[in-house]
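Same chain, two partners: subunit A is paired with subunit B first, then with subunit C.
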Partner chain A sequence: MEKLASCLVVGLSTGCIYSLVAIGFVLIYKSSGVLNFAQGAILILGAYIFYSFSVQLGLPMPLAIFLALVFGALLGYGLERFILDRLIGQPVLAIILLTLAFSELLKGTMYLAWGTDLISAPRLFPQGNINFGNLATIDYSQLAFIIITFVLVVLFAVFYNKTKIGLAMKATADDTIAAANVGIKVRKVFAVTWIISCITAAAGGILVTNVMGIHYNVAEIGFKAMAVALVGGLESLTGIIVIGPILGIVEFLAAAYLDPLVGGGMRDLAPFIILLIVLIVRPYGVFGWERIERI
Partner chain B sequence: MWRPSGLFHINYRQEIAFIQTPAQWVWLVIGLILAYTLPLFMPMILWDYLIKSWVTIAAVLGLSILTGICGQISLGHTAFMAVGAFVGAILLDHGVPLIPALIAAGLAGGLVGLIFGLPALRIKGFYLAFATLAAFYIIEFALIHYFGGEVGHAVPPTNMFGFNFDSDLRIYYLVVSVTLLLTYCSKNITRSKWGRAFVAIRDHDIAANTLGVNIYFYKLMAFFIGCFYAGVSGLLLSIYMGWASVDHYPLSNCIWYLGMLIVGGMHNISGAYLGVFFILGIEQIGIAMAPVFAEWFPAKAGSMIGTVPILFVGLTLVLFILFEPRGLVHRWEIIKTSFRLFPFSH
Partner chain C sequence: MLNLVNVEVKYHEVILVLRGVSLQVEKGQMVSLLGANGAGKTTLLKAVSGILIPEDGRVTDGYIEFEGRRIDRLEPFDVAEAGILQVMEGRRIFEHLTAEENLLTGAILHGNGRTKQDLEKVYAYFPKLLQVRKRTAGYLSGGEQQMVVIGRALMGRPQMLLLDEPSLGLAPILIREIFDILRNINRDNRIGMLVVEQNAKIALERTQYGYVMENGRIVLDGPAERLKENEDIKEFYLGYAEKEKKRSYRDFKHYSRRKRWL
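== the complex of A and B ==
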């Protein structure tokens, strides 16, 4: 029982991070039809930048976080300006391969700049935990993950539904050409989309490496977030906010109950198995739109 | 298809002949002699590059049928190679002769590919790419936990008809022979009924379906053929390495294989050759340049050899996709045409 409760708590907080990162995928996909496989590498790059500013340069923590997020924004803007420009309308394979090659480039650079050792990130949250009557304990950092994700998602929902640029993003996602025809600056919307998605990636990276430590292999978390996005449905923001925590919980349940049976490693595998099943049963994701294709 | 003027076919056999002009015969013989004598002209330090190139060509040929001709993106290709390598290594260890082991490795890769190709019946594009990525992780997990683990299997020295493959040069002959055979097969597949069905599916699968192409059957067959090639190539690599281990088949290689396909030219069998030799050549240049970079940045000297080749290859890929997405074959066609038309440019 205790095992179950702790799985639920840890899974929920990890899943929140997946949702946070997956928002980045879905935003870019909705607005420009590009699926950014480099998200995981950008995530870790954000964490490394944060580490450099806070530990190697000794800047105060909030400033370091702010600078890392600014770096994420600049990276997103640069990517949009120099790469996305040529990618729109290209075949799917070119998009996948370009973002994957870019992610390998980033990983190589990180390997060169920060080495291969697992770096432990400076603690953002005080140590300690809250007990729920012997049943479950929740770390302060895990609690913080849930709260931060919740706050960011609410902020993001307000931004997306109430502000002018958010509505422009919504319109562009719906139909790029129609949006351009009614006077929305589509290029500007694309830039904002990429900036937001890179900022969420960097924020997710700073959060997740606080627990896992910084290493360029943590970039595979980007793939898990992508699994969340695909299971939830690439068109649906609600989908990923719901599916992220569910997949996180399933992941830890699999690690706790299946690992003894199969000998370890289930934690990283569970999201992919669920993804394959969902793709075969419901190809457009749980909350996605079923598109009817015509010739 | 382009033919020199004055060449006429008077019966169907000439129409479907594999080699049609005398010039092509000459090129074929020169190419074959070159393929088999290449290591003799090269310093021994490049033999590793040569063998790995030919092994990779076998894998990329499969990928070119699956992705280039049939349009089904696979990010799990190296996992199917690992399946072939493991099955082949276990069979060779039990004393099975080489040729049955190679076929069994191919069949094992193909069957596993068939299973993980099932999602392709309902999804395509990004979804399919990610489904094959998931397949990579699942296969790797299964291999590590149930079929020999991270240590892998030793591959015993092999022989065929009393000819021992014990030196690098002899393994080179084995690899070249198998790869040339596979090239012949894939060239023939692309110009058969199946190849035309694959192309129709690539161009528009629903349109192909309305024209009476059984897209479910042909998509699965594309997966089977592509992964058959992967399995054979995986076993070849493990024979060369003397060891079958999942470490030889990392995920990043899937990316580079797809990259070779794009750099060479997706829709052409010869694109696989150009792409592999080009990208692996760039990698070799990266390895050769690593000490130079290490001199420039002494603080990071230790990690240069592992990073510089990756950065070189990654950068080449990004530049190719941005500026020449149709690949080297396309560039070569342009050059050939301008030569043929020379002093008149139109």
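== the complex of A and C ==
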């Protein structure tokens, strides 16, 4: 029973991190139909920048966080303006491959700049935990992940459904040419999307590396987040907030109960097994946009 | 108001689609543009609205003016801001948004203020849309989608509408309904309209002036009344044969008759 409860708690908070990272995928996919493979690398880059400002330069923590987020915004803007803008009108595949290449480029740069050692990040949240009876305990930092993720997802949902720029993003996602045609500034929409997505990536990176440590290989978390986004449906913020925690919990349950049977490795495998099943049954994800074909 | 002078358009720098087209639409005038498939009608509209650019097309000669200002180098949203909105062929609706959200995207252009009145105005022209406003646009019927797309353009408060085959794939009764509404919109708001149509009969009935295009050129133009009486138009676009001498297909040479126009 204790094992189960602790799986639920740890799974929930890990899953929330996946959700947080997945927001970036969804934002970009929603407005441009591109799957950004560089999300994971941008995430870690944000964390490295935060580390450099706070530890290497000794700036106060809030300022370092702020600067890392500003850096994320600039990166997103630059990426859109100088690289992706030139690819408007080209096949989406070209852009997707470009993000893949950009991801490797970033990883290489990080390797050169910060080396290969696992760096432990400065603590963001006070140490301590809350007990639920004798069943489970939850760290302050785990609790913080859950709260931050929920707040962000709700904010983005409101942003999407209540604001004009949100509506413009939805329209652009649906039909870019038609959007330009009704007078939506498509370039601006893309720029805003990439900026927001890179900021969330940097924020996610600062949080994730707080438990995992900073290392360019942590970028692999991007793939877990991608699994969350695909299972939930690439257009759906609801999907992310529901599926992230579920996959997180499944991961830890698999690690706790299946690993002893098969000899390990189930933690990383389980989410992708679920992804495979969901893609077979509902290719557009649990909450995704069904493709509309009128007969 | 809208003035095209000797406009030449090339795609990918080599494919010549418009070969020197001149055309005018006055303020509040409703003009139809007729022609067979591939004549360059859609390209002409795209050249005006600026969506040639993402398709790698360019105005290579001549110019396009709107109210005395050159617009042939502008991006689509700048053209929209200047007051020209295109209703694209094939009902390019935002499928996953609701009908009302689709209309609201049209209002993004001019921002706040009169959005609510504009929305009411659109519903007044298209009462059918009021019943389906919360429905996902992708599941609406063809006629309703066409109404949404026209309404969406109206939300941007255009001075000129470019309509690309509003009748495409619609039942005859709906075509009439839509053209009647267009006529009302044109009359009430003095919005200029350039309508590309395959259905020459209804187009010439509801518009004031007509241009006929073939092979990237304007081959004939005149007031709609006069075009309706033109023998060539009758034969090729309206499908009437001369009553006295019913001819068989044998002495009916399309190509030689068409040649006369060029």
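Criterion: the second predicted complex is superposed on the first by the 282 of 295 C-alpha atoms of A that agree within 3 Å, B and C clash if a C-alpha of one lies under 4 Å from a C-alpha of the other, contacts with A are read in each partner's own complex, and residues count from 1 in each chain.
Keep this in mind: a residue touches a chain if its C-beta (ideal position, glycine included) is under 8 Å from a C-beta of that chain, and two chains touch if they have at least 3 such contacts.
Everything numeric here is computed off the predicted structure, so don't read it as measured data.
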> Touch check for A:V55: first (subunit B), second (subunit C), both, or neither?
Replying inline: neither
> Between subunit B (first) and subunit C (second), which, if any, makes contact with A:I184: first, second, both or neither?
Replying inline: second
>> A:I88 in the overlay: touching subunit B, subunit C, both, or neither? Say first, second, both or neither.
In response: second
>> A:L8 in the overlay: touching subunit B, subunit C, both, or neither? Say first, second, both or neither.
In response: neither
>> Is A:V286 touching anything from subunit B or subunit C once the two structures are fitted on A? First, second, both or neither.
In response: neither
>> With both complexes overlaid on chain A, does A:K170 touch subunit B (first), subunit C (second), both or neither?
In response: second
> Thinking of the overlay built on chain A, is A:M212 touched by subunit B (first), by subunit C (second), by both, or by neither?
Replying inline: neither
> Is the number of subunit A residues in contact higher for subunit B or for subunit C?
Replying inline: B
> Just subunit B (first), just subunit C (second), both, or neither: which does A:L143 touch?
Replying inline: neither
> Which subunit A residues are contacted by subunit C in one complex and by subunit B in the other?
Replying inline: 294
> Quick one: in the complex, what on subunit C touches subunit A?
Replying inline: 49-51, 54-56, 75-77, 80-81, 85-86, 88, 92-97, 101-102, 104-106, 108-109, 111, 136, 138-139, 152-153, 156
>> Quick check on the complex: what are the subunit B residues that touch subunit A?
In response: 67, 73, 75, 118-119, 122-123, 125-127, 129-131, 133-135, 137-138, 141, 144-145, 204, 206-207, 210, 252, 255, 258-259, 262, 266, 300, 303-304, 306-307, 310-311, 314-315, 317-318, 321-322, 325
> In the complex formed with subunit B, which residues of subunit A make contact?
Replying inline: 29, 35, 83, 86, 90, 92-94, 96-98, 100-102, 104-105, 107-109, 111-113, 115-116, 223, 226-227, 230, 234, 262-265, 268-269, 272-273, 275-276, 279-280, 283, 293-295
> How about subunit A: which of its residues touch subunit C in the complex?
Replying inline: 88-89, 164, 167-168, 170-171, 173-186, 235, 289, 292, 294
